[in-house]
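Have a look at the structure below, then the notes.
Lettered A, B and C in written order, each chain numbered from 1.
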């Protein structure tokens, strides 16, 4: 095993864990403000909201990428500079982001819905700095995903990497599900980051030609969610690619093979994911109805290939496997469970008729926190745990496994249930305080603070344990 | 000239300018009716929607066929009591009754109650013409002018604006608005917007794809080409590695 | 039953089913054995999922709000404009800041059991127009600058409805609200 890849992955993981802790603290502060336990004021609330959103989306995206990079490096020679440049860009981007939010008081939300950045800008330089942060992050990540695509393409042709020969039965090199899913996800990542590039360029043109040119809000909204939704969706698949590689070995089963239905599933996913984002625009009646219907159909078909195949594979792998559970395998197994739960919440919201009363209520953060906080984060933490078990100074103590896992699951579940209840009770999302109409939100926020704190404690213990076991490797 | 303008606007089929007029209020102009009394337009539009158009009696060209066509179309609609057709002359020399002729009415078959003819008073004429986008030019004692048909809402704002002879789809939408049928949405984008993914088509009240849609398709298309390019620049590496690939996969 | 409660019920049921299945499989992992008839069970699993998706799509798509009361005649048109951080509601179109100020703060009353057509737009950023009755969200539509979204709605209960902004629009977003009377 090449030491550089190991060390750099370790650097990524430690950075990710630290930024995650900071972003959780932002989140808890927001829930405390809503619970009227602290008083940071609306401006600071929305500054925290903007920072929390982009940090979380960013940090778990790079976590997925770091996992892919590491597993790829076990097979092939992966150019190092892609990961290094991405690391530098991520750090620089986060710094500029935090300057734009905390110093220049930019507070338009991480998805910066046009034309809000020109209104919720704080200082005049706020939107400029924020867009620069997005541009730095986008450029670094785009480069990274291109480097990884090249790495795969140096071994396989496009049709081979998409495992088409596994569908047609033609001869060709065996392509593992890991390669297939990584390739599919990286293509999606490239597309959505390019959408971010277009978006940022349009913003800069409007900034440069102030007053004489403006953009179409509907076009900008489409671009925003093409970028935002697809990025968050693909980062989950990055985590899954690593799961396909590591999980069967943890269960003591032979590695997953790319069968015809796995190949078809992920090829279908490649297309479906690009159209699912339309569900963010259901309540914009200006969007043609055909697009809305495509949105609902694609949102409902999206889980069929990817989720059904994965869930079924994971269940049958564990069934009577006599496996020894570690924190990594526990996180993978129950991560898939919560992913399924969050998926149900998501597709219920993706019904246009339901969206009429669920859109922008807490049902939305409810479902995406379920498959991020308890799904995607679990996948990446599982990778990190596996990594620490493999290369750390010692294995995690069994009592520690129990405590950390219980804290994460109980804390996370309670936290998202508060959101689901909020959604069922029509409590809006993205508000710093609850008016009389929706004052149930206050007690739910209190509940969320308690459970999120448990999760935070679990994460602190995880981070300390991880650092203790692995930090030595970094400097060895 | 009149005919050329009408023909052109008919061929174009839709009015890209409608958004400039939509929801703007028209001045409450006064006009003289056939019984010589002065009247405000608001006395009609405050009661029910008004289909407002302008013409002049001596017009040798478009006014007569234009109003005949409007009359034909409205007779197809049937629900006449729901709105008022107001035809105003911008020529001070006109008599209201002269205008009847333009729409095919005369003393023997006078216009029904939901048609009103009048001659605009001097003081508010210019501002009304501007607000409706009606352009006139005196050439050899006669007016050269475009034709505008506007639907005026209860508060005097323009709900629909059609220049030239309305096409079938435009009539369709006009009637839908008059009878309160459902048009889910319309656009009021201003003219500094340089592109959009959907172009609102005022004629049919629906959305058409516009080239701005490429901005959304673009990232996916570019990605496709990037993958193809990456595939071709990595060709040499692949042939070199192909022999060892199966072994590496076993790792 | 209101939609939110139905959705919550379906979700809770699915939650319990999923957790039960995973937990049973987790417990079974202590034993040694093999999963029987893997391919057949996978096919059954997939076809059940596929059938459910088709069924739900077939039932739910026609219920989309874009077609609500599309063939009926609204008794009243109501124009709504949103602007940081208030709503202006009027029986007349609101296209400019002057129109907005004229009807800002005015409370309007609409008839019960009649179809009301809301013409919703925004004069600055994206906002959300939502109708709450006793803290329960009844319907909503986005208020997007440059576009007028029309929502048709029939109020079956009289009283005061709360209108909240449901799209994050800036610092005072949470306080952006208005009222509508239904009699």
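The working rule: contacts are C-beta pairs under 8 Å (C-beta built on N, C-alpha and C of every residue); 3 or more make two chains touch, one makes a residue touch a chain.
Since this is a predicted model, take the numbers as computed values, not measurements.
*Asks:* Does A-C or A-B have more contacting C-beta pairs?
*Replies:* Most contacts of the two pairs: A-C.
*Asks:* Can you figure out the chain closest to the middle, judged by Cα centres?
*Replies:* The most central chain, going by mean C-alpha position, is C.
*Asks:* Using mean CA coordinates as chain centres, what's the gap between subunit B and subunit C in Å?
*Replies:* Taking the average C-alpha coordinate of subunit B and of subunit C, the gap between them is 32 Å.
*Asks:* Averaging only over C-alpha atoms, locate the centres of subunit A and subunit C and give their separation in whole Å.
*Replies:* 25
*Asks:* Go ahead and note the Å separation of the Cα centroids belonging to subunit A and subunit B.
*Replies:* Centre-to-centre distance between subunit A and subunit B: 47 Å.
*Asks:* So which stretches of subunit C touch two or more other chains?
*Replies:* 66, 146-147, 149-150 - these are the residues of subunit C that touch more than one other chain.
*Asks:* By residue number and range, which residues of subunit B touch two or more other chains?
*Replies:* If we look for residues of subunit B contacting two or more partner chains, we find 184-185, 187, 189-190, 193.
*Asks:* At least two other chains touched by the same residue of subunit A: list those residues.
*Replies:* If we look for residues of subunit A contacting two or more partner chains, we find 216, 218, 285-286, 289.
*Asks:* For subunit B, which residues are in contact with subunit A within the complex?
*Replies:* Residue positions touching the partner: 184-185, 187, 189-190, 192-198, 206-207, 212, 215-216, 218-220, 222-223, 226-228, 230-231, 234, 237-238, 241-242, 245-246, 248-249, 251.
*Asks:* For the complex, which residues does subunit C have touching subunit B?
*Replies:* 66, 69-71, 73-74, 77, 91-95, 117, 121, 146-150, 152
*Asks:* If we count contacts the way the header does, which residues on subunit A are in touch with subunit B in the complex?
*Replies:* Within the complex, subunit A contacts subunit B at residues 74-76, 146, 149-150, 153-158, 173-174, 176, 187, 190-192, 194-195, 197-198, 202, 211-216, 218-219, 222-223, 226, 274, 285-289.
*Asks:* Where on subunit A does subunit C make contact in their complex?
*Replies:* Those residues of subunit A that touch subunit C are 42-43, 46, 107-109, 113-116, 119-120, 216-218, 221, 251, 261, 283-286, 289, 292-293, 296-297, 300-301, 304, 308, 312, 315-316, 318-323, 325, 333-334, 336-337, 340-341, 344-345, 348-349, 351-354, 356-361, 363, 420-421, 423-426, 428, 430-435, 437-440.
*Asks:* Under the touch definition given earlier, write down the residues of subunit B that touch subunit C in their complex.
*Replies:* 22-24, 153-155, 157, 159, 179-190, 193
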